[in-house]
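So that we are looking at the same thing, I have put the structure below in structure tokens.
Order of writing sets the labels: A, B, C and D. Residues in every chain begin at 1.
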Amino acid sequence: MTMKKFINDPDDLVSELLSGFALAHADKIKLAGNNQVVRAKPKSRDKVALVTLGGSGHEPALSGYVGEGLLDISVPGEIFAAPGPPRLVEALRMADRPAGVLLIVLNHDGDVMSANMAMEMAEKEGLNVKQILTRDDISTGPRDKPEERRGLIGCLAVIKAAGAAAEQGASLDECCQIANRMERNMATLAVAVTSATHPSTGEAISEIPEKDMVIGMGQHGESGSAQTELATADKTAEIMLDMLIEDLSIQQGEDILLLINGVGSTTLMEQYIVLNSCKKILDSKKINMVRCTAGEFLTVQEMGGFQMFMARMDSELIKLWDAPCKCPCMAT
Amino acid sequence: MMTDALDYEVMVKMLLGAARQIKENHARLSELDSFGGDGDHGTTMLRAMENLENSVSAAQTGQIKKLLSDVAWAVMGTDGGATGPLFGSFFMGMSSGVAEAEVLDVGAVAEMFEAGLNCLRKQTKAQIGDKTVMDALAPAVKEARRAADEGLDIAAVLKQAADAAGEGARSTRDLEPRLGRAKNAAQQSLGHEDPGAVSVSLIFRGFVKGALDNG
Amino acid sequence: MTMKKFINDPDDLVSELLSGFALAHADKIKLAGNNQVVRAKPKSRDKVALVTLGGSGHEPALSGYVGEGLLDISVPGEIFAAPGPPRLVEALRMADRPAGVLLIVLNHDGDVMSANMAMEMAEKEGLNVKQILTRDDISTGPRDKPEERRGLIGCLAVIKAAGAAAEQGASLDECCQIANRMERNMATLAVAVTSATHPSTGEAISEIPEKDMVIGMGQHGESGSAQTELATADKTAEIMLDMLIEDLSIQQGEDILLLINGVGSTTLMEQYIVLNSCKKILDSKKINMVRCTAGEFLTVQEMGGFQMFMARMDSELIKLWDAPCKCPCMAT
Amino acid sequence: MMTDALDYEVMVKMLLGAARQIKENHARLSELDSFGGDGDHGTTMLRAMENLENSVSAAQTGQIKKLLSDVAWAVMGTDGGATGPLFGSFFMGMSSGVAEAEVLDVGAVAEMFEAGLNCLRKQTKAQIGDKTVMDALAPAVKEARRAADEGLDIAAVLKQAADAAGEGARSTRDLEPRLGRAKNAAQQSLGHEDPGAVSVSLIFRGFVKGALDNG
């Protein structure tokens, strides 16, 4: 299969996409330093800054979350590959301020290693940085082994909550607490139906039989936990909701946030249909879907499928979710 | 070449030798990474070694310690997932393991490698048998120490270490990965060496070739 | 090929997707009447209302443009098929007000027929409605035969301009003038590399050879004007820009708005890369890309490709483009 | 059945006959629409005919004029691109073409069809030869008028019209479409009838079957 992507030299993927990204959203973000994505209008330096890092190829993630009420700096790496510690240290220096910096790291080996080394150096330099790991993929490990869980779209909820708190003037400790509360109360499960093409190599990153779907598929084509036959939106929603509800031990009457994140070629139409299925099922289980949305927030190139995210919400987390925000990929 | 003293120039040749080995074999590394992984290990190592070469030519101090920490920083600066931090920390450890001295004796060489391994261990809890870089690196470092303690010369120590690394890399063929991206597709990589372990083995092979190179 | 879409009964596609859409964007839109998409908070009735209609399956279009500074009502039809006149008349009645209603219609036979019949009835009922047709597809007819040009993503620019004017209190005539000025000064060209699957029939809506791309491909799989070999982002951008510039007779020194609209599985990454290519080429031609963006605003299911939109801008149109807006698919 | 008067009950049977014809042939209609078009014509016509049936059973006035305008409105209410307005306007025109009378004579039947055609013409500038509904509808209406003027009875008029519609639909096989979605893939539809024209022919065939049905 010929790769059908509009690109130039594969070596220039990230630099070109970042230039285009900066052009497209010049009102909200800009590039600084060594391809750091920062806000067009920086937030006041007496407020806690939020920084994240992550591989490229997942657009709009993660740089698309830079903006009011969300991130201050995103450090994009190569395609599907975390940036190395030096650029992360650069970002932490840029973000450094008396109020402190919260570094949000998706739990993937490369990202974590980079972050750990950067944290070590930041400490040596006396920077005021705290780190939080997001580990929401319930398919890779049980709840009591969070280190085995990968970071999926859950990072957005953590960034939203901590970002809103920071914007409202919360201290670094408070931001950490909120981020931690969100992190502990969230869970994500992915499903994939078609593979994506790695834009550098032109190769399919996974193989999925024609009549199957893979539950638990990772963000880079890592195989999933269960390969089953294609199912309707209703049935797929039911399977996935049950796993998420069980993982979070959600009880009747509890309030949840639900997010359907399209990862590539699965249409918004389908995402809305799945969301509608979820609503029906949750209603029947008497679980309150107090907030929800659907859209492409973190993609895996043109992979077909979606990530279903669920979080147990309390009134403060709901308020933070509702707080105003404005970034390239969303606004309220 | 040297038999009992490793100076700045030799260290440069070793580093460049390592880079050459990787560059000649990057396609194979990517291929190995495609069995269960994401197929980018060769590309990333290639970029890492380009960064390494650049930092070697930019380094002018004549100090091995500084050379190695520059190299470490350059390798880490490769945006490539696990690779930059893993290999970068190995070089960083090597740097912290050598004194400000201008030449290393055979004991110092073994110590340098041990320090590299220790620094890398801070990045990962990988153990031998997990099908990672550790399967090649741990035996290589152990063998370097054994050979040094036995009184072999530096060339022989490097060669023994490289052989052990190669052996270690080959041993990963029958393992199922327990760490890294590939662990989620453990079956797929059965029968194939771990790309990171092969990189370690190539780097040690490059050290030998570089050190023995009289050009 | 098995269709790999998360749906239930194909007959329920539109009703289910609209329910999900309303759930996902409850803060911005809601359903009213017979599946009319209206603003959650209606705009003051002394301001001109904007209404549009169009087939479903193009999400977020067109209902995703309902919101502040944009549409008041969208009347979604079946998959790829305009709604019939009765629901459009219902919408016009709902929108009716002394300030008047502007009906924006994409030039496709079904949409135009529905709109014409609805306009006839609206007139009989004494409603104050004016209609504007958007005809931006330069691949289906020359500039002097606008009736042959299909309506593509250009509708968004017209809706944005007229919507901003309406929000600022412009009269119906003024809104019409602005909409017309935008419409006369815009042009769109589509390119497709992979087909989409019709979600009702499960069939591919077009066939594109493995190494080819189709320039001029329509929004429903209608064949394009030119089938050529796949090209790089730079080359594709050059070919398309040249055609758009020629169509609009854009001269050195003129100001343009450029929009890259992903239609499905072509990633945001690629859209940004193409936008970056466009910037380089336009710079070399001394044409000022004063505004630009990229994203999925009007899709064709999971088709691979994009629409490139260009408009000659004057200072008023730029101001209207910059005016605040907030709808499910964008916000400024 | 009637020979020189068409009453409300017959009109109901004609309409339901048309619906039945379409329902039995919708798969073929969609297939025809897939050569260059978007393959939905059968589905849309199916929905249109379900709406038609519902409006027929809901109608209680006994007035042909009102029945036809209800049907027109229902068919138009089918969200289906060009189909709703096209076929809806045909029925709408039929409604406006009949008097408030309770029965139609053969001349009134011809006039009814002419009014339907005229109303549809307001929606489209399609001419015979453009490979659209027009290729079946125009000859059918013309033939109905000719037959009526010749003094044939209503059953015969309907039959002649249906034959002409069928003939017209078949004539589209060798045409390239000049209107509608399919025009952009003109070549692909060569050798296949136009789906809209076939629908017209099925509807007229259904009128005949419905009218002759004594059940």
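In this text, contacts are C-beta pairs under 8 Å (C-beta built on N, C-alpha and C of every residue); 3 or more make two chains touch, one makes a residue touch a chain.
All of these numbers come straight from a predicted model, not from anything done at the bench.
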Contact-graph separation of chain A and chain D, given in steps at minimum | 2
Note: chain C sits from chain B at a C-alpha centroid distance in Å of 55
Whole-angstrom distance, CA centroid of chain B to CA centroid of chain D, is 79
Centre-of-Cα separation between chain D and chain C, whole angstrom = 33
How would one label the connectivity among the chains shown: line, ring, star, complete, or other?
-> line
Contact residues on chain B for chain A in the complex?
-> 30, 34, 36, 38-40, 43-44, 47, 73, 75-86, 88-89, 122-124, 179-182, 184-185, 188
Enumerate the contact residues on chain C facing chain D in the complex.
-> 14, 55, 77-87, 108-111, 113-114, 116-117, 140, 198, 200-201, 203, 205, 218, 220-224
Interfacial residue positions of chain A with respect to chain C in the complex | 1-2, 4-8, 13, 16-21, 23-25, 27, 56-57, 59-60, 193-194, 199, 210-211, 213, 230, 232-234, 236, 260, 264-277, 279, 289, 292-296, 299, 301-302, 304, 306, 326, 330-332
